[in-house]
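Think of it as A, B and C in the order they're written, each chain with its own count starting at 1.
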Amino acid sequence: MTEILSARSLTVRYGGNTAVHDVDLGIGAGRMVAVAGANGAGKSTLVNALAGWSRGYPVVSGDVLLDGQNISRLPPHQRSRGGLQHVPEGKNVFSELTVEENLALVRLGEDHAGRFLFSRSEVIDLFPRLHERRHHKGSALSGGERQMLAMARALLAGPRILLLDEPSVGLAPRLIGEVLAVVRSLVDRGLPVLVVDQNVRAVLEFADELYLLERGRIVGHGSAASMKNDDRILKAYLGDLAVKGDLQ
Amino acid sequence: MIHYTNSVEVSSGDGSIGRSARYRKSASLLLMVIGCIIVYLLPAWLGGSTVVYGLFVTIAILSVMALGVDVVLSYLGEVSLGHTIFWAIGGYAAAIPSTTWDVNGWTTAAAAIALSVLAATMLGLATLRTREFVFSLATYAAAVVVAEITFNTDALGGSDGIVGIPPLHLPFGIADFTGRSSADLWPIAFALLLLSLGFVARFRRSRLGMQALMVQMNAPLATSSGLDAHRVRFLVFVVSAPITALAGWLYAYQRAYVGPDMFDMYFLTMMLTSIILVGTRILLASTIGVTLLLIQQNYLSIGGDGNKVVLGTVLVLMLVLWPKGLVRLIVDAIKPAVRRRQTVELNDGEVSLRKESARSR
Amino acid sequence: MNVAQQAINGLVIGSGYACVALGWTILLGAARLVNFAHGQMYMLAAFICWFILTRSGIGYPLAAAISIVAMALLGVGMQLMMGRLVMTQNLTSLMIVTLGFGYILQGVAGLLFGGAPHTITTELVQQKIQFGDVWFTSQELLIFVVTLILYGVVWLVLQRTRQGAIIRSVAEDPKLAQLFGIDSRSVYIAIFVLEAVLVALAAVLVAPRTPILTSMGFEEVIITFVIVVLGGIGNVGGALIVGMLLGLFTSFFGALVTPAYTTAAIFAVLLAFLIAKPEGLRTR
């Protein structure tokens, strides 16, 4: 299986605190890969490091490969232009810009090889709400609408791969399934997706495989079907007594 | 002996450790006294010429001037660009009463303190809620405007300033001090420097000093734990003003003249550069910084405009290359790997340094 | 007092103020950058223009253009040096750095051009346009017209173009902009170059009205500051209006009270505003 995006011995430190420890992972073509773990396990730090991005000042070592090319030295805007589309956790759209302007910021690069191109109308079909609210400022959108806008802009940029950090946060339970179903439909068209989400139960319905992260280390990896029966997952996320976002 | 009552004994039970701490304390006190005596005698040893005394007095004066700004910069984290006002107030408070009524130095010093506190109160109240660049700009604007008013007001000497300030006269009860030349003024300048440093050292340990640090580190937290951040900021600003004013006061006597040139960018740049060159929250920063800069301007001078370029370049390069100042730079150079390995996970400053140098781009 | 004439003078002064303030308004609004070297950049641009005019046969328009290009290059250089501080949004250090730059520019200008006052002579300053008992010079008309056009263009670019949206996005969140494929660092450089170009343009337009000195530049910073604060930080339309109003205020205050204290009076207005409405200063 060819891996579109992979990490080799990825380690991320904040000051003296190692948030991601020697992680190897790969996302193959047309695969939806989930990363699960408790709060503070290092999930966001991991995906941010793949995108070469952070709001803090981490020290990153190890390699990130996009289509076999080492992109570890590229700044985040160049990774984005190269098709590595990341939708971060938290604030991920511009609140001073309208929906229209948020979307217009994105430009496709010259090199279309290996990229999944979405036309404006396809994206609007996926997220019709955005069209209705196109003249509203980002600050006037609901949490769910912001998530949609953030995903829409990532699609318009012609992704090779999509990284989604907590796409379902703040969504009504019914919407979580809807958003993940949209993501799955993209994956079925061939777009590889790496998704981090607290709703492990919902994610496992849609994802192909899952990595389990604990204190910055990968402690489990397997197909979604096998991970459903993994003890740790069962205990922490799927069992009846499961506490969401269990603090180890 | 005041020192003992002041100090907090770490080990109350163990007398021997308490005694050794006390010995260390007296030893450092002794060293300080010896250091002061050496510095005091230094201009005489360096030949005792007018030029040398002039340089030493100027260093002392400008160090005290910068110390006022340092208090605001180090303990509030704000850049006051309005301290030239207090500097000039000190100068004019010395000039006008002494030329008009021939009063002695105590009176003019009291006037300098009172007027600078008054001005700082007014400026502090007006800028109470402003932060960062708005605060800096507002204080800067105030300085430019006060300069303009001074320049245009005949009662303040207008653009000519005030000439013919009499020698500094300070009656001490038993004996009187009267001085005009730099050599005469050196004891006074040195005493003023020591007093100011002592004042700031006390301020650092005072409640207000602690509170100011808390407000600077985390204003919301400080506020939620019951501190009135506005009040603390205001008080620190007011406290800093008379320090700079007294420097201006002595400067007037040294030059026997004051004028609107006290608002010159030179003094402002000098205040900031001397501190940034050495580092914030270092008691002697302004003294060391001013000394280095004045040595350049006096002995390695490349002309007025050239010196401006040097001073500005020092300021820019320090902030761009070593924003923590020379002291940190030297400390890091002297104590390399050992210290780093031991403290990397504990020492806050060290970590933030590493963060800056090792940021992934 | 000739009220109509004072009003015209006020509008001319005001458009000069607004013109000088435009670059900084964008810089502050869009990039959270303060530039204390603004006044010295104004001074340097004026001197470069004067120098070319007096030392060569080149005419005013071309001399002005060269001066603007020179300032653009200077802007690139300054921004490259400040790059890291800008990306980490270390506003306090940035402020002091620009203050240092201003001091360097003053020193350099002193070395190059000396301390004596000079005047930039253009034909437009001598051409008088008279309507009844009011008059103004062609240069003043030019200042007024160019300022209005500049504000219009800048407003359109910021609000209606993708480039404008990029600038606003970087202003709001430079880190997030990177994920949109935007190179925030280059955008900052572009904004700073724009500031340098606009202040140079303002200098070559406005400076011919009065003698120039290498020590000037402080008033420009103060007036710009007042305009930016009263107009609302980053608000281009507000800056134009406040600039014009301040011009009228200056003109009438000078005629009715005294011209010596106009800056002080303007600053009094600002202080009143700071005390009455400090929340008007929040930078988002």
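The criterion applied here is as follows: a contact is a pair of C-beta atoms (placed from the backbone, for glycine too) under 8 Å apart; a residue touches a chain by one contact, two chains touch by 3 or more.
Owing to the predicted nature of the structure, the values given are computational and were not obtained by experimental measurement.
Chain centres here are means of the Cα atoms, and by that rule the chain farthest away from chain A is B. More C-beta pairs in contact connect the chains of B-C than those of the other pair, out of B-C and A-C.
Work out the mean CA point of chain A and of chain B, and you get 52 Å between them. Once the centre of each chain is set as its mean CA position, chain B and chain C turn out to be 33 Å apart. We define each chain's centre as the mean of its Cα atoms; on that basis chain A and chain C are separated by 44 Å. Those residues of chain A in touch with two or more other chains are numbered 54, 75.
Residues 51, 53-55, 75-78, 80-81, 85-88, 91-97, 101, 104-107, 109, 153, 157 of chain A touch chain C in their complex. Here chain C touches chain A in the complex through residues 162, 165-166, 168-169, 171-173, 175-184, going by the rule given at the top. Per the touch definition, chain B reaches chain C in the complex via residues 77-79, 81, 125-130, 132-134, 136-138, 140-142, 144-145, 148-149, 152, 265, 268-269, 272-273, 276, 303-309, 311-316, 319-320, 323. Contacts from chain C toward chain B in the complex involve residues 34, 36, 81-82, 84-85, 90-93, 95-97, 99-111, 218-219, 221-222, 225-226, 229, 260-261, 263-264, 267, 270-271, 274-275, 278-279, 281, 283.
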